[in-house]
């Protein structure tokens, strides 16, 4: 059975896995495991490692880690801190898997449109990163109290309607000049279920096709296209409008689209208080990334 | 038959009128007329003038003028200018109906949340208004090339989650200090139909209940509560998420709500390019209002 | 000797006190004390309590507390936290002096122009306040884990060029509706000396004349005009351009003005990295205010 | 006599030329001409075409066109339109000089820090450009009513403190991917004189050293470094703080620096209403550039 028919539009590998399971689809090559931490945090891992699994899921081969915490959406302070630490730990582990240098150079890219609130997550995360590359380059690592400091730079490429360029073109050009060891992208994602909005973080080593969650077709920001590994981090902040309806009436996306205004394509559903959510989550992401990149001893022990 | 059952959630009196007609509801006291202008512009007038009509529509007695232009959503330059002039003309006519002074003092209030893109219409419109009150007060009308200049001031009260206060409290306080002859509110509205998003302007003399389009309950910003007439101008930029689904499956809102995630309440649907739309429409509104308030001779002749 | 001649343009009572001392001016009625805390923090108190002192300083009678910490301008994390706690402690003490209720209602007003970076301190501080009034009003204090929660609301009135209204008019109107027990204003100030930019916090019970630091004349936001006590908190982020020159050449402001372009009036001097400074300080202020208003036990013990 | 001693810090070649003349410096290789247009607009041309002139002025060889209009700073509508047309005409002429294609591909780069008001000119100009590259690329020129449409793309690289990268690195990377026929940079400049703030536009074919006006040292964004011609457009919005003082006391910059706080280095002077000025000028620049790139017949005739 074709995945297209039943997989509602989602950027979360976890939701794709759930859909396939529900539909009794052939799952060879799609592996799944889950662990429960304190504070109600659930960390699940989906790996896609066969051509069959790629076809079934419509996703590239790779590893997808999801950190879920329902209380995150309520802004619970303690939960936020626990999720931040878990994000830092998972990111460190992804970095180790793609880069064997002890001290490295990372480029963090904040994807999305700063002027559309639920899409501003990436740009706003980069706004609060601890940027070190220019200081390391000019004064050396001794400029910092911690000599193990990594070189971190950040880019907010904007969206095609603003720049006339694919994100990939901009990032590719910058990577070829700046030559980071790897790229980390931050993006707002589309989920299938309202319950995952604002309380789920996905990390993957497959890179990302920007805007794929809401129906765009762009070239992927990934190792193949950039020549360096790409770790993609995302949090769902919207649901595709067609998905909302098809899920409610239990119909396929295609049949639903017929029921509805054609204008609904390219629309998204988001909560009214999305400004507060994006502000909080951009802060959480930047803190988790800063922690992962800081290389200080405390973190080394804690692993 | 109760209006509640069949009237999908909308801020547009025109859509309520359409729903009632479709449902063969008793329409006594709901009057409707329509004229077609050049450039594909349609101006329609709904008046609600009986208690029966108030019950049927769930709206206060008053006059609702709607300016529609499909090409507006595509940013057609000529169409924009024609709509701007029509808006100016209708606003002047509303002002004449509520204020008999030749030169008057107006307070324009930009409602909504500046940090949520589709809700930023009101604040961004006020950003581009031609504000004169402080200059008239300090230097007199002779400071302007046009001595007929009205006194215009502007307020962006923010939303309750930011201020802890009802908009009505803030506006009421400011009105009691500043004593304008009337208030004009600007707000982003919720429509029922995607086809009206970004291409429909509603003016009404009934004031507005802020956020009513997306399920809030606040006290009305109207003549009764402020002590001065209130002209409310709005453009739909979102659709209520529950409405999208109920319209697609042709069910009542109540039944739809049961089908769906409770989290869907308080969510809205909006297009991905809402940033461009809001920028363009805020510009159009401020230009139309500036034109209406300018009192220059050209406009007087053009009526 | 007239204070006007020698007092360079400053919003800091501490700098006025220093100027008077340097000029051997009669200082009766101007009291000064200073204490040094850990982390290089200096807390000084200037009180002005005679008509003579009012004339000499050009300031209203009252108490001015200044918290200085040179390392604050470098963003030292530990210093930031120590200053935040000291700010909270001083604000609590000001609140106790003006309001004898155990649980109170506060209105915090963010003065200044959000669109001019060094003037955005007040608005950005209010953006991050913990606003409780609407929740207390709708659900009662039991909605919070801490039942001692105070009722806090926030207002960003904008500046006259944007609104056409004096800040005082807007605040007065809102105070008359909302009836807080007292008002706290937050504003960016003008210092005389570059060394105080971004590392000095002034608290005073005299209220504030908005924009007074850069040559405007507005009515004071104070107890007399609002009918409730006003605690004004400010941090210098600019220096008046004429002051920079007059200090350099050791001339009076009047003589300097003659040397210079008349256009220099109404100009200000500010550092290139003012965006980072304002972001950090707005965060520090909101945190200190949130802490002061939280009424939790830890803080009570710590006093 | 060394130019350094007497040339106050300025980005305007016109001001350098004036200083040299005043100081009776050897002016061989510095050519100057001026024409007066209607509406009080003055267009002057400085060319620097010898090594001697390069040394005397501290500027690279090239052509500097300045459009001045005192009434621009007052926002005079008619003057704005005349300056916009003149800007468009001069830009077209620069484009013809560097690119012989009838239909071309341009990359416009908005330099500066979006979060510091006087430095936001470049980013805000790019926000309002008519971006066509992605549409031309996907649908061809027939997508536009005007088949002569050029391919225009836009980039806002941010500043080094935000990105950790030199602007040059980012632009170089993007140019190597996107391969425009030429680059146009937009930047806020530093003037020497308050009278030129906000009412002077400079165009040059020499490119630009970003931030050079306020004391930074960065690699030049120019033909040599990018491999394609660079046309730099700028408007002064600030004055270097040390320059303000040295001009007032008629001293050299070096002596002045001794008189003053070392912190004054890296500070700038700007007017209080800089938000309105930058908004208006960013609009003017984008309109002038859009006009120059539109290639429509009216403009062709008007030359």
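The first chain written gets the first letter, and so on, giving A, B, C and D; residue counts start at 1 in each chain.
In this section, contacts are C-beta pairs under 8 Å (C-beta built on N, C-alpha and C of every residue); 3 or more make two chains touch, one makes a residue touch a chain.
Chain by chain, the UniProt names read as follows: A, B, C, D = Germination protease.
Here the structure is a predicted model, which means the values were calculated and not measured.
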| field | Smallest number of contact steps required from subunit A to reach subunit D | value | 1
| field | Averaged-CA centre spacing for the pair subunit C and subunit B, given as whole angstrom | value | 38
| remark: Cα centroid separation, subunit C vs subunit D, in Å, comes to 38
| field | subunit A: positions in contact with at least two other chains | value | 161
| query | Can you list every touching chain pair? | reply | A-B, A-D, B-C, C-D
| What part of subunit A is in contact with subunit B in the complex they form? | 113, 115-117, 119, 161, 193-195, 197, 214, 241, 244-245, 248-249, 256, 259-261, 263-264, 266-276
| task | Under the touch definition given earlier, write down the residues of subunit C that touch subunit B in their complex. | result | 126-127, 131-135, 151-156, 158, 160-166, 169-170, 172-178
